[in-house]
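In the two complexes that follow, subunit A is the common piece, with subunit B as its partner first and subunit C second.
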Partner chain A sequence: MRGYALYLFKRLFQFCLVVFIGINVTYLITHATPIDPVEQTITAATAFGTTSPEAIAMMRRSLQDLYGTGGSGFDQWLAFWRRIVVGDFGPSLSAFPTPVSTLIRRALPWTAGLMLVATLLSWGLGNLLGGLAGYYRRNRLLKFAGIVAMGVHPVPYYIVAFVLLIIFGYLWPVLPITGAYAQGLQPGFSLEFAGSVIRHSLLPTASLVLVGIGGWFMGMRSLVSNVVTEDYTVYAELAGVRRRRILGAYVMRNALAPQVTGLAMTLGAIFNGAIITEQVFGYPGLGSLLVAAVHAGDYSLVIGVTTVSILAVSFAVLLVDVLYPLLDPRVQAR
Partner chain B sequence: MGPILAVEGLKAYYQMRYFGTLREVRAVDDITLEIQRDEIYGLAGESSSGKSTLIKTIARAIRPPLNVVDGAVRFDFAGQGPRDIYTLSAPELAATRWRHLSYIMQGSMNVLNPVRRIRHSFVDFAFRHMSLPMPAFLRRVEEHLGHLSLRPDVLESFPHELSGGMRQRVTIALATVCRPDFIIADEPTTALDVVVQKGVLEMIRRLQREMGSSVLFVTHDMAVHANLTDRLGIMYAGRLVEEAPTRALFRQPLHPYTAHLIRSLPRIGDDTPRHGLEGRPPNLASPPPGCRFHPRCPLAMEVCQQTTPVMQELAPGHRVACHAAAQGILP
Partner chain C sequence: MSRKRLLGGALLAAVIAFALLGPLHGADPLRQNLSDTLLPPGGAYPLGTDHLGRDLLARLAAGARLSFGFALLAALAAAVPGILLGLVAALRGGVLERLLLGLADAVQALPGLLLVVLFTAFAPGEFLPLYLGLALSLWVEFFRIARNGAAAVMARPQVQAARLLGFGAGHILRRHLWPEVAPLAATLFAFAAGTAVTTIAALAFIGVGARPPVPEWGSMMTELLPYYAEAPLALLLPAILIFTTVLGLHLLAGRERA
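Up next, the complex of A and B:
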């Protein structure tokens, strides 16, 4: 147990280090852009009518305060970190004066909800079908499923998304093609709102699952086809252990470990995949926010979204490392 | 009651098709043998002599490309009458396995599920055969582990936490906890050092005496056979070439191949150098005509190259397939 505590401590330290480096890199890159948010805001604010030079100077001082761009480079960096640790990313430039954290808080649930459901669905379905296809290799239906999964898998995601959009949005218009819920609806815990959210999420989820399932399916099938020739599986079959038990506790259980690692990596990276999905289906999530921020040169918003993404990926990896010894008892906590 | 196992004219070939042409490897070719109740029957022979294929076929543990081409494997478990294992339905087979017929597999080191505690393996393998409630079942398992000098806490371990010898004993416990009538043991001691090996062999012997089961014991190690088995069958190139009570076989082997196997054993006080047998076992995809041993046989005659010798009982319980032995020429 002491060994595990030490391991945990080491992993936590690693986590902090990765997050620290990641955020610093983001900071460096965004600050290397020639856009000065203070001058931009001043230009925007003084575009109409004339403002006295004193007022502009005052405005500049308070804006520099707000954006933390005053003082030397090191002072700026310190100020940046002082604000980051309390979760304050400053005001958004493109949606001035709304704070970045408010924008992220508004967008995050949409992305997280959509991607979580889609990733878990494709992981669960892919592994289940792949496991069955690897174990019951003669089954026609599962063979067919394999062909479909392998056929869809290499098609670029945006093509699948657009094809779905065209089929269910225009040719047979049964599903909404844009937004997260029907316009004019009051967000809240009503049945009508929930139904609308689900209806709007069907197409993006379906596109993500359709493309995502193939990789899990093929991975699991080949993992399983290795496990079924292992001595312990052959022996259990020889002993007349029930097939269901063999499939679950012997075959799937042993093949699953690498897939769980894969799942965690994918869960951490859901923000990257969300960009195209949210663009195509007009979904108001982090991906749309990030693209808008980059177009507008809104670097505090870019830093904010990227930081959330870095935290999510690192945390997912940490979680896998912490939970892995539970999954495979042979993995010693080192 | 008759023998517990009667194998009749069993032929099992590995059949592979390459671009329409059938390639057959005759790993088990026309084998007939009987195993009595309450005996340990040994099966010996060098690698690729078909030992493992034979017992896989006997246990109906075959999967393509290995197919049974001809013959029957009749088991007669306590008063049920002989039945060919290949005519049993899937549920009948599942009910037979472990209750009547259990198997200690070759490479026993990897037969335990690495992510399952030993206790769960016992439940998976044996619980449905014992009409006991779970606590009583687990007590029975613990008691049985005690017979094999294993502490009850191995039940809570994972396989990787046990030593090789312990894992081997756990596997033997797993195969014997239901007190089966027939146990097939395929090289169960090959991977162990001699000290552990001796302990494991003694345990198998003791369990067999206590339960009155029959054991089919396979190993290429003639010393193990000399110490453990009651009767011994020698296989060469997919065929049974000699079969006799173990002591009689060691005292006077009739087949030249058996004589070589026995002579290769070191003996205390005997300093003469040991000679290996020239040549290699034949390719079973195209075995030599006549007696399959004739290219390596020091006693080979013209008839050996043309006709396949049949098993003949030359002494009570001592059968041999050899033209020379039939003419009274001893190796």
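Up next, the complex of A and C:
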């Protein structure tokens, strides 16, 4: 148990370090842009009519205070971190004066829900089918599934999304193609609202699962076909253990361990998917927010979204790493 | 050379031939002709025209040259620093190695596409930030592969013997590390180029990559999406080209992603 505690501590430290470096990289990149949020806001506020120079000077001072851009480079960096720690990203430039954290809080549930469901669904389905295909290698249907997976895998995501969009949005218009719920509905815990949310999420989820499933399928199939030839599997077969039990307890469980690590890595790429998916289907999540922020040069919003995604991704990876020794007791928690 | 790789090579060669032979047709990819919009293939336009009456063959071929050039440069920009740092990390070890590994972890926690989008905020529509962003997100994998491969080799007795005999780092790098790392890096290079091809098209789609009227596959698809019913082929062709290129690169890479 002490070993596990040490492992936990090390992983926690690593988590903090990664988050720290990641946020600093974002800070560096955004602060190297020529966009100055203070001057932009002043320009926007004083575009009409005449404002006295004293008023502008005062406005500049309070805005610098608001955005934390006064003082030397090091002072700015310190001020930035002092605010990040308490979750204050300052006001959004494009939606001034709405705080960035409000915008993020509004968008986060959509992205998290959509992407988590889609990722877990493709992981589960891909592993299940891949495992079956690796075990029952003669099965025609599973062989065919393998060929389809090989073929769909290299198709870029947006092509699949476009195809689904054209088929279910235009040629056979049964599903809504944009938004997260029907317009005019009041968000809340009503049956109607929940149904609308599910209907609107069907196409994005289907596109993500279609693209995501192939990799898991092929990975699991090759893993399983390795485990099948292991001594313990052969022994179990000779001993007359029922096939379903062999498949579940002997083969799948052993082959699944590397796939769990893979899942952690994929969670890291979840926001890549979110950016394009949400753009294609007009989903009001973090990806759409980020693209809008980049277009508007709204760098406090960019930093906010990036920070949230770094935190979420690192936390997901941490969680998988922490749970891994429980799943596979052979792994010595180091 | 396996059958898969041959197939991959053939697919790529076909796209390259298309890119190089396209200009022989002689049409200007930017020239509009508003009386000839959305024509089917035939006549003066072997593959038809788009919604502004531009020659699709010329545009697709120009897009192929652009995508290939971009993919090659972006993959190189990621591979060279990634491999070098990986080899140095394995050779030197110690604090430097730990520092680089930490940095790699941190960069990996930043979603790749997000990095690219961040960089495009500098100069929208230009290519330099795209290279920088892609290189910054892709170098990690090259770094990992180079370091892990090299570290495994460094532990072998023949390398330890070579070091004890006083051979320098240059010799070990050339004779022991590089032959081990090179094939892995080549595989990864093909995958990275494939990622670059899909990324540039995706970026055009979310409006931060190549901008119209640049003949780029992704932006062609975006422009033609509203005309899917009138000219399905015009929308399909860039998609097919992207798919063929990526499939070719993945098959050429051979093994599963490391």
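Methods note: the second predicted complex is superposed on the first by the 333 of 334 C-alpha atoms of A that agree within 3 Å, B and C clash if a C-alpha of one lies under 4 Å from a C-alpha of the other, contacts with A are read in each partner's own complex, and residues count from 1 in each chain.
Following the convention adopted for this analysis, contacts are C-beta pairs under 8 Å (C-beta built on N, C-alpha and C of every residue); 3 or more make two chains touch, one makes a residue touch a chain.
The model shown is predicted, which means the values in this text are computed figures rather than measured ones.
> In the superposed arrangement, which partner chain does A:I166 touch: subunit B (first), subunit C (second), both, or neither?
A:I166 contacts subunit C only, not subunit B.
> Using the touch criterion from the header, give the chain among subunit B and subunit C with more contacted residues in subunit A.
C
> Who does A:V313 touch here: subunit B (first), subunit C (second), both, or neither?
second
> Could you say whether A:V241 touches subunit B, subunit C, both of them, or neither, answering first, second, both or neither?
So A:V241 only meets subunit B here.
> A:Y250 in the overlay: touching subunit B, subunit C, both, or neither? Say first, second, both or neither.
First partner only, subunit B.
> For subunit A, which residues lie in the overlap of the subunit B contacts and the subunit C contacts?
Of subunit A, no residue contacts subunit B in one complex and subunit C in the other.
> Inside the complex, what are the residues of subunit A that reach subunit C?
14, 17-22, 25-26, 29-30, 32-35, 153-159, 162, 166, 170, 218-219, 222, 268-272, 275-276, 279-280, 290-291, 294-295, 297, 299, 302, 306, 309-310, 313-314, 317
> Along subunit C, where are the residues that touch subunit A in the complex?
Per the touch definition, subunit C meets subunit A at residues 102-103, 105-115, 117-122, 124, 194, 198, 201-202, 205-208, 218, 221, 225, 228-229, 235, 239, 242-243, 246-247, 250, 256.
> Tell me, which parts of subunit A touch subunit B in their complex?
Residues 230-232, 234-236, 238-242, 245, 249-250, 253-254, 327-330.
> Where on subunit B does subunit A make contact in their complex?
Interface residues on the subunit B side: 59, 61, 93-98, 102-103, 105, 107, 110-116, 120, 124-125, 158, 160.
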